[in-house]
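Chain IDs A, B, C, D and E follow the sequence of writing; residue 1 opens each chain.
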């Protein structure tokens, strides 16, 4: 895996909200890489900073410190116009709520071509229409839907419109922020399928954010687990599921519901209690270490030893 | 918390200074003629100059401004110059403010009681008789110019109920009509808003839970909705009480109430600069203080609101 | 495995050929469930349900049309001409409506210097509506522009807020009176003066709305797509505000007319030779005490009430109908 | 299922709404029986009528809705005939209580949490003042809120989402009802907290002998808590059975589709099964099986005639023509077969 | 030798003593309490600085002056028992009554009124920082006063006001002023008790406790914008002629709309009936006997042509200059202007009562028992009707001819401003505009009305020369015809007549002709008969040459509902006499039109007799 090309590098990212006393650190010293063509999963409980990381990458939230490097170029902080428009095109985002993320007062046609208007790369009006049509077809919608308004569509269809809007930009990296959380079970599968389908066809790279571990497991190559602004563990997805080390990861995995009454009824939830697990963090600060190849963990020296022991077994 | 109010007060003070400076400059745009009474035509240049000089109006503008700031910082609102020359502005305002405030508070109390009851009635019987009745009233009170129905009230009510036509401090009956007139519009206003907020609240999830719990709609109204609907109004309440010191130009003129209603209009027209400035200062500070009190009141009502984080002075 | 039908008997005479697979078309299934809900259509429908509002709408449209065509109708008198009684050489003063003892016919009678009230009322309505509509439009334009910038462009927030605070704390009367001094009393002065103070509320209102919807996801999406601010405002934000802005405009008209009445009352209104509802009311006000002459107040008061109530009700009902929650 | 005493029995319920001058049929003749002490889960996609169905048991339908026909029998009374608030007051809370989906907005923001719980107690348990307060604190403790005395005096905004949901549950439980309807009690919560809440509900069920109806579209939740499962589609219950029956031997193609689209059952790298299309328009009259247009296994008769319930076992029935003896044999999708096999293996392993 | 009128009591009935029927057989009200609502509050009680009508009308009843007028306008002694004038007419010596007391507002005696009180008042008025508006009245006549005011001299003893002893006051004038006595009833010559003035300092006059009283009334209660309650001063030297015991004034801003109603309900003794409400009062049988006109005043209104137009190019000032310098053009406008119709906007029932053909009103001043307006060439004007359509048309023809030759354009644009705070003015302007345009034709003149806000009205219109034809007014400052020539003096700011380029048949500039007539009249200080005639001729010249068009005379409040007969109150064409309540009595019933007219007629004849008597 490590011979893969690194598309995005996040180094010691820190994001803060508010000022002075009300300052709140939403993301604290987070580092990870995303390789070209992979799906990188980011899971964590609500409010842990997943969205914030996504938004920092797409530059809606400014980074307080740390670097975000895209294709070898630094894109955080002040960047020139040229790079800005380039990055805008290359990194795109899919939003959580298909109801809220589409402009209700604009036709699908406008919504999908919004990016085109901004880039002005469609040549003629004819060309723009073609692109819109193609994008709609790509996401499995009929081209005639272009003249309708978002409220006329079901949640899944709306989410697909949202994806079509991203596709016309021909992005390289797509940040999917809980793209299926707001969707009904029965249509989640549609969107998951569409996303993997597009990845195959267009060679997209995803940063896939979710709190539903089963979905993340299904779609991601690698998964990072985030807790209160810190990534606590990062590994290839099967490895993580097979061999979770961090107590938080463990508790998360134990809570995944399975569609099996017999299993569910007997399941035991592991509760994560940071104060108990990390009692000595005051004196012994945790570090971000690669405990085995491609498996990172946030741990201090004592914990590291423990983990190594478990792995040794 | 304390710090928040201190910074906010400081900012408000700056705002106030800018406001009063602008008004100061605006007043200097008025013609000199206005500083003199009807005898202006008979004065000769020497007399005119003497008066203007006395008023400091012949100094260059920056000097005037400087003098103005100095006396303002000393807390000196100055003396009236044309309205009642040589009388302290604080004295002129003092009595009037109290009168207006009395009427204001009385009518506000009345309109709060009637308005809130009506609004609640309207919200409870949404779409039914009371709602329609209330709406007619609200529309009428808001849309028909007050000049018209104040007069109607004054003429007919005094006739029918044998009430005095003019206000006299010592005649209790003479308070009735002015208070009634004053509260007409505000009653409609409160009824309208409380109805709107109540209807908003009634659509909220917690009302659904309260209903599922088995509370009767009447109890839901009393125990949950009313207070919650009152919160957004709470913010404006202190300001509206304080603003009553500004009086009502119509009602006060009609009933001979010696309040501040229309005083600003009069003194601008009379070009009593110092009094105008004193009034503007007063009204602006009332606005600012009122809003601040409103915020405090609202935070008292609503535990969610903590004023410590940043916000404008609104 | 035994299977029992619970409700039907198995011998239900169903054609066995029906127990074959039907053709399955995926795309067809995409087409189902399409709602024909349209915002404006629903708004219109809800609005039309309110009989009072519709009646008032018809009424106000008729009034507006009538004021427009009134001068061109036959036998109309001039609103400013003073009618002189040829016999006495003096004015036709205070002639009662349709007074038969007078050789000329004055539908609504005359005022105290012998001007035709009927013509004055319609001319006044024209003036007042013109003022109201102009003020509303101006307020909308300025208010929306400033409000949009204020709400959307974070950098401007502090500055505009400060300007707002200052401007809002200057009593309107100060501005109005000083403006009327600096400028001549005229329709444009009145409009200007009202706009100078009126846009504030509109701007603040728009700003608050924009603050609410500014950070909705679809706006973030547009920003991610690199859409310029101007287009975000015009395409993403303003369309959401259209209905409420229309409401505010509808309410601004009666408010402006009311203000005009107030200005006339404090002597800062239009010159008397320009009939306006404010002037007419103010003239008529003095006659309130005289039962025989009350008609001079009654007619303009009736017109002003009809106009303001109509706009007020229509505005409010429209706002209700534009609220999707009421599209039931 | 502990005993077979029926507490609630709904028969052929039809609920309609007036919407923009049109009529919408939200519930199309659904029937259901609820047994004492059981947990019944109602699953189905959004808009299938789960909430409307259960709200009708408490007279909480929106003003534009009405029960067109059918009956809801509770303790020998037909709730479908109740009209006035006074009638319903006897049911709401006291007999049937409800936990709503959104814990963030279900509590009155201006009242302390304790007072809101206490209100329920005072209403339904003949306790006032201090006594009621004591009980409220107890119940708060029961729902897993630590330091209940301190928390009693706090306001909802000082609580996290999970804790608020606990409070909402406490309010419902404080009414001391027979039946508790939980309308999506955990959709807004994180997985870990979700698991805790479900555990809590199970504990409370035991302690207070509640009959619980869970409404959810998350099949994982269902597996955890339900004794029986009712699957709803377009305003009708199309399959009903014991939890195991529905998971391991589903009969309705919609249930198949629902189960197969779970990523847990998917194979990485392959396409997940997904249901195409959108649910039917409830404004229109539905002919035949409502699911037919989206059903790859639809029979011609599905477009003609509404299927009756076919009994699979005494506890398991489904509305699909596929169960008719005349119908061609259709195997459930692979993933479901696989799940069944795995379960069999697991069972063997356990033995 | 100076005149020394007999200090006899005015011919009032003997003061009512106890037990006498004060109603005089039901004619007068038993309770002499006057109630009134007023819309405009006084600004100050400091009578030494303010000259507004409203302020003076209050002060007039609180402080007495050296001399006073009786109800026929004949000068009578007041605080001064007698007085004499030096031969050269420059030195006036007044001998004060003894025992006149200064009292405070509760009637407590404070001091005696002495000659020094007049010196103190003059000193105060002439001190610049005190901003007295009446200073110019004083320094226009008193020796060295102007120098003192301008701080050219600082020693007040050089000013011509001296108290030789406590009861002897000497005014020294800078030149003989035949009408000096009449000026003494103006506030500028009111006394003030010096120690009190000094004690009060800035506060003097700001409250009823901050002045002292020696007049007929005490201001016992004064709450600004609430009420003013005056009660009879029991220490007043002439208290027997003070009949109304209490003046109860209540403030109401809407007094003009409510006054009638209040009178109807018996809550006030006097109410102004605005023109708009006249019809109701005149036609309603219940009311029509309760309304009467007010007595004519001395303010006169006239239209002036502007000879120095300063208005916008839009209104063609150059063209106006050509037109206005043509006498036929001016006369055509005068002839076309229906003054009755114009005045009817203010008094529709009896416009003739107020229409005036002179600048100086009748009953202003008289010489040898002859009213000024009946003297010289003015007498010819008196009965003339200026309004004449036919003449207007023929004048127009002449003017068109002459003006076309002079290069004027038609229609001539006429800019006519009016003050927006006066409703009848706006209406009058409309009547005038319409009348001129119909009679003369809009091809000849085109009138543009220019509404102007009251703030800065004069500075914006008349004084700035921003008009072509405009209604203006003037009120007298002393009882001499000269006072009405003031607006037309060189460097005045009324209509700038000195800019005229018109010449008469002799080739003399017509304004210069007028000016020389005035100079001649002014110089005549000894032969008053001659002086009056010269002034009258000059005024007639001004009118005949259409520099100005007389319009109307003020009539107090127009129409009133009242129980006060104005003819019982002191009369003077100027000063404070008409404002005093001395002599006034409340009638039992409201005055009707008829009663008013009878009383007026009676008064007119009695006055003529009284004047003749006084002239002897």
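Just so we're on the same page, a contact is a pair of C-beta atoms (placed from the backbone, for glycine too) under 8 Å apart; a residue touches a chain by one contact, two chains touch by 3 or more.
Just so you know, these numbers come straight off a predicted model, no measurement behind them.
Common neighbours of chain A and chain B (chains touching each): C, D.
Two chain pairs, A-C and B-E, are compared here, and B-E has more C-beta pairs in contact (counted per touch definition above). Chain centres computed from CA atoms place E at the largest separation from chain C. Computed centre separation for the pair chain A/chain D is 32 angstrom, with centres defined by C-alpha atoms.
Averaged Cα coordinates give chain B a centre that lies 55 Å from the centre of chain D. Distance from the chain C centre to the chain D centre is 48 Å, each centre being the mean of its Cα atoms.
Measuring from the averaged C-alpha position of chain A to that of chain E gives a distance of 91 Å. For chain A, the set of residues that touch two or more other chains comprises 154, 157.
Shared interface positions of chain E, defined as residues touching 2 or more other chains, are 257-258, 261, 454-456. Each of residues 30, 33-35, 37, 177, 181, 267, 285, 288-289 in chain C touches at least two other chains. On the side of chain C, the complex with chain B involves touching residues 161-162, 165-166, 168-171, 173-175, 177-178, 181-182, 254, 258, 261-262, 265-267, 281-282, 285, 288-289, 297, 301, 304-305, 308-309, 311-313, 325.
Put simply, chain C touches chain E in their complex at residues 80-82, 84, 89-91, 93-94, 112-113, 177, 180-181, 184-186, 267-268, 271-273, 283, 285-293.
Those residues of chain C that touch chain D in the complex are listed here as 1, 3-8, 10, 14, 16-22, 24, 26, 28-30, 32-35, 37, 42, 45, 327-328. Those residues of chain D that touch chain A in the shared complex are 45-46, 161, 190-196, 199, 217-224, 226, 243-244, 247, 257-259, 261-266, 268, 271-276, 278-279, 339, 343, 346-347.
Of all residues in chain A, only 55, 58, 60, 85, 88-89, 92-93, 95-97, 100-106, 110, 114-115, 117-119, 140-142, 148-149, 151-154, 157, 162, 165, 169 touch chain C in the complex they form.
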